[in-house]
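Read from first to last, the chains carry the letters A, B and C; within each, the first residue is number 1.
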Amino acid sequence: MISYLIRRCLIGLITLLLITFVVYSLIRFMPGSPMTNEMAMLDPSKSISKEDYERRLKSFGLDKPWYEAYFVWLGNVTLKGDLGRSITQRKPVASLIGERAGATLLLSGSSLLLTYLLSIPMGLWFTVRSGKADERTLSTALYTLYSLPSFVAALYLQILLAVKLGWLPLMGLKSEGFESFSIFGKALDILQHSLMPIICFTYGSLAYFSRFIKSNMDEVIRQDYIRTARAKGVSPARVITHHAFRNTMIPLVTMIGLTLPGLLSGAIILEQIFNWPGMGQLFFASIGGRDYETIMGLTLMFSVLTLLGQLLADVLYAFADPRVSFS
Amino acid sequence: MSQPSAETNSKNTVAAGFWSEAWKRFRRRKLAMAALIYVAALSCVALFAPAIAGTKPIICKYKGSIYFPALGYLRRQWENPIFLEIRKEYSTRMKEEDPDSWAVWPLVYQDPYRRVKEGEWPGQPGNPSGIMGAPSRHNLFGTDQQGYDVFAQMVHGTKTAMLVGFVSMGIASVLGISIGALAGYFGGVIDIVLSRLIELVMCIPTLVLILSVLAVVEEPNIWHMMVVIGITGWTGLARLTRGEFMKLKELEYVTAARALGLSGTRIMFRHILRNALAPVLVPIAFGIAGAILIESGLSFLGVGGEAPNPSWGSLLSAARNTLEETWWLVVFPGTAIFLTVLAYNLIGEGLQEATDPRLTQSGH
Amino acid sequence: MFPRLRSLFFLIPLTLAFLAGCKSSDPEVPPKPGESSGAGTQEEEVLLQPFDAPPLEELEAKVTWEDQLVVDPMDLLREKQAQTEPLVTVEEALQLRNNSMDENAKTLNASRRVAGSDAEVEWDATIVRHLSADIKSSNPLMINSTAEFDVLGLIGFEIFGFDWNMTPLATSDTVKSWQTSKDRMYDKVVLRDDLTWSDGTPITAHDVVFSFQTIMNPKVPVPAVRQGADKLRWIEAYDDYTLVYFHSEPLATNMWNLNFPTIPKHIYEESIKEDVTLQDSDYHVKMEDHPVCGGPYKMVKREQGQEIVCVRRDEYFFKDGQPIRPLHHFKEVRFKIIKDPNTSLLALKAGEIEDLELTAEQWIKETDKNELYEKNTRVTATEWIEFHFIWNCKTPFFSDVRTRKAMSYAFDHDEMLTNIFYGLYEPASGPWHSEHWVAPKTPLPPYKQDFEKAEQLLDEAGWIDSDGDGIRDKEIGGKSVKFEFTINVAESSDNGKKACELLKSCLDRIGVVCHVRPLEFTVLQEKEFNHQFHAAMGGWGAGADPYTTKNIFGTDEDRNFGSYSNPEVDRLFEAGEKEFDRQKRAEIYSRIHTILYEDQPYTWLFYRNAFYGYNKAVRGYNFSPRGPYHYSPGFSSIWKAVSN
């Protein structure tokens, strides 16, 4: 087990190297440079002279061929632990990510947790009531939610809860004078601000996850051992939760591994609507601005999370199903 | 190493028997059948879109010859250049130029690519623009902010909606299931290599990939987009399949098959695969429908190919500007997407049960 | 200072930003005027060659000075308003729904009134303004986007500005006198002696010289402000308050080069030696969040992506308890950064922000609804930002003026104005708005759709469908080329895409195939800079001085994306910069306007109006061709009424 983990971590490092190399080459391949937007936003009465252009490229370290620039980046990351500085915002990438990590984690983390907490019981319930009217109604309702774009829901929630009723704040993460609140007041304030974003972030995925659970359960409950258990008089609820559900653990664990990087990926549109200082907007803006350093910092973070998610899933397989062994 | 012909033969009969049996069981499921009919109907709409909504005659006789101008919606070249002399103003100038001409018109005189103006069609006013385009007799589903008819856009966007889903998820499914199966079944070095490939693809941001594609492809079109969605969307499927294979390959029947000397591929694809599909069915069903939404998201980045490219997703994004007023821009495309998601999932469920050999015994 | 002079800066951006759907969210305006490019030599390592400034006495002896305008822009505004009669009372105007041009005129008329007396003004008021994008830097030298303009307009120390007619001026808040030599080679400015930075250090002429030298230091990565400043030969501070600007050439446009931002010498003199970026070192990072400000306001809070708070500096307005300058109207200015247009509108309705630039869609949809009018009113006014299709003259399709004209005739301008842009915008026919002082006296009529003419022009140009496939073609260099081109447009601009689709459908009827290709903004820009396109949709804001248009239409100029070239136009632009007589200058540029109208390097489409919603308590919105803020007095004319 330990040796497996060590081996996986070593392989993971090599994978990271490969990923960052590929991504770096791809982002340098995108048309445009950090200068493109800068020049486009200039007053049309001005222009950047060739010399100034070269000077600025050089100050961004972009005068070198991309592979050289990659190794410079890699050197800084591995030797100095320095993710570099955002090209467009001139702040250290690590602090840009750090500033947003909390808010993103709050939103995505609660939303993921909520999704699993709601969809697992719903999925199990769907299995029991499969084909019955109540199952059909609820699942249809979930499909409806899935098809309702989150920006529509967000706007109507804002109009109703924030503008008309005034129960919740319209946007942002904190209220005016947040610093002076008590601990409890701070928590309540953040909760109030995050409620609408979390709802909008969550409702759409309920259908997917609950149907996913149900589909896997359907497969399992037809297995012979389940029928045996039933025949032996085990109560239906117990069959579902104890015998059947345990056997759908492999896909569920895979799914959890797959959603782990989502913890920090944020949501571009919802963050914009709720003025939420999250990672999605940062990522989107850094791609638009060709902010190579920031994109690489974010890619590195996502990649580490992705690899961890996969590793976690692989390790949990052995616990979820003893037949699976580390190889 | 037996006689190949005999084996192929027996495989065919087995397969035929299995699938016809499955089809029988599938037909018994009313909801699944309804869903299938819906998808079939949607395909018809996609195929015959120019005959359903358009401003070009389906068939017409003009100056002594028969033409099919509506085909111009599918491909510009299929619209005869002779109509340039009336500047393609069929409804008003065809009769003027040739009083003996006649034409069979699409069911609805509306165009997905432009606003229909006053005086183009007898008794039909020009399409309203701004936020005034609520559904009416002339605009069944209303019009968007620039006065394009929503119904016509949805009818013509059906092709995109269906193609994007099937092609991109087709690519993703084939890649995901086969790579996942190989990794899960063989394990060892193969698994290590393939798993790293999965991780690599997972970590490449789709936005970045798309923009890099733009650097290489001069004239990106909808097919490029489908390929991009396909080659980035398979990793989850691969992980799920791999997990199932890792579990199932340890089961008795697989060991038995192996003891019988069956080849690895045969075991994988004939014996395990059927049982490993449950976890990927829902992701695939949602994926086919979800591609409709991804498509509009991608067109936001400029890989959406050429405009105008009416699609359900782009109507939804157009709605964002005037969400409270133009409810019809959300409700109609939203409903279409909802029905499609529902249909694909019902078909998926139907397939899952119809192809389960145990079900015949369970008397479900 | 800034709020008044907020900008000498002129051209607004163009950028398809707005069209790009981002409205002002995209950074746009840069500071300061500059010269169009081209002229002058480019130094290699050293941008600023050493210069031995003559003693002041020597200079005074040989130069004849002419006084330039030093004024409180608010006085100019009061003067202007005194000449017009109010159409309605403010109370009446606030009742209006503003659904017609007439009502808009009344609202505009009432909303722009400056305070009649000090008693009407709520002097301790806070205003919450909207920003659609965060600022990237609070250092005036790094200024580049509109958001930065809005903020630095309050906290930055400014000497020059221009009024709503784009007449340059120096503000009496900071300047005692401003003189220009008769030969246009020197400008002399005497600063006031009662100016201080927000840390109490006096502001002197040495700060201005230091700022100039920093801007001209090639190692300092200033994005925008070097242009213009680099046309100056030298600046000398003869004492703490007397500055002389030395020009390289005598040009009518020299005064536009004087305006660049000023930073405190005592703060940066040492630190720049360690960190030339002015942003990277710990010390500079601290300065970014707590800048030492020279303007009427200072920044007290900067929360990334959320909020910026500026408060009025008492020491700027009072000395020993006595007022030394006219007090600015707000004690506190809060900028709320909200990117999403829908959320911004909700925030305006809820009273969380007090001004907002509306989108065209938001303007039409609020027409008959109540929520907006509970707390707010709204106005629209012409802004000189024109939009157009650019034709790449280097392509076989558009090298011939006849094909470009054919495009303009084929396009359905009426349909675009009425339905794609909801009848809100006025048509454009050339680079300058018809009310611009250089526009031709008899306005040139905008193009109208005329298929016959378009077809005739294409025939004449040799584009005929010779192979009967329904697409016009022409033999070029022995090969048959089909008239099939691609027009690029910003993907984020729904209206822009629709305008291009309209072009496509118009051209389809005359045998020309046009592909509409929506592109991500950066990709679109990259292709334009590299001239890798057939046609594109774009927009430009108006410069404060007409010479700035040179870099758009001059041969091989940087922003001449379509590679248009006409020696006559080049010659006229040269002449325009050398002509000192305003009337004669106007005639030169008017001639350029007419030639461009004939040559159609662009198909001009429309001017984008400004749409604003603002709180009913807020008064004094005066719209210039650059909107309500980006001129003098701009924001400083805005005030809040005492509530009853």
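We take it that a contact is a pair of C-beta atoms (placed from the backbone, for glycine too) under 8 Å apart; a residue touches a chain by one contact, two chains touch by 3 or more.
Note that the structure is predicted; figures quoted are calculated from it, not measured.
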Self-check item: Chain pair with the higher count of C-beta pairs in contact (A-C, B-C)
Solution: A-C
Quiz prompt | Chain whose Cα centroid lies at the greatest distance from that of chain C | solution = B
Quiz item: Can you give the whole-Å distance between the Cα centres of chain A and chain B?
Solution: 26
Practice problem: Using mean C-alpha positions as chain centres, tell me how far chain B is from chain C in Å, no decimals. | Solution: 46
Exercise. Mind checking the centre-to-centre distance between chain A and chain C? Centres are C-alpha means, answer in whole Å.
Key: 39
Quiz prompt | Set of chain C residues in contact with two or more other chains | solution = 342, 520, 523
Quiz item: Of all residues in chain B, which are in touch with two or more distinct other chains?
Solution: 211, 214, 320, 323-324
Quiz item: Going by the touch rule set out above, which residues of chain A reach two or more other chains?
Solution: 30-31, 151, 155, 159
Quiz item: Which of the residues in chain A come into contact with chain C in the complex?
Solution: 30-33, 36-52, 55-56, 59, 85, 88-91, 99, 151, 155, 158-159, 162-163, 170-173, 272-275, 277, 281, 288-290
Self-check item: Complex contact set, residues of chain C against chain A
Solution: 9-15, 17, 26-37, 42, 44, 136-137, 144-145, 218-219, 221, 223-224, 226-228, 277, 279-280, 285, 304-306, 337-340, 342-343, 346-347, 349-350, 352, 371, 520-523, 525-527, 529, 540-541, 543, 545, 548, 551-552, 557-559
Self-check item: For the chain C and chain B complex, residues of the former touching the latter
Solution: 341-342, 359, 361, 364-365, 415, 418-420, 422, 451, 465, 468-470, 486, 489, 491-492, 494-495, 497-498, 500-502, 504-505, 508-511, 513, 515-520, 523-524
Exercise. Quick one: which bits of chain A touch chain B in the complex? Just the residue numbers, please.
Key: 11, 14-15, 18-19, 22-23, 26-27, 29-31, 136, 140, 143-144, 146-149, 151-152, 155, 159, 207-208, 211-212, 214-216, 218-219, 222-223, 227, 250-251, 253-255, 257-258, 261, 283-284, 287, 295, 299, 302-303, 306-307, 310, 313, 317, 321, 323-324, 327
Quiz item: Hey, which residues of chain B end up touching chain C in the complex?
Solution: 76-77, 79-81, 84, 87-89, 113-115, 117, 129-131, 145-148, 211, 214, 219, 299-302, 304, 306-308, 318, 320-325
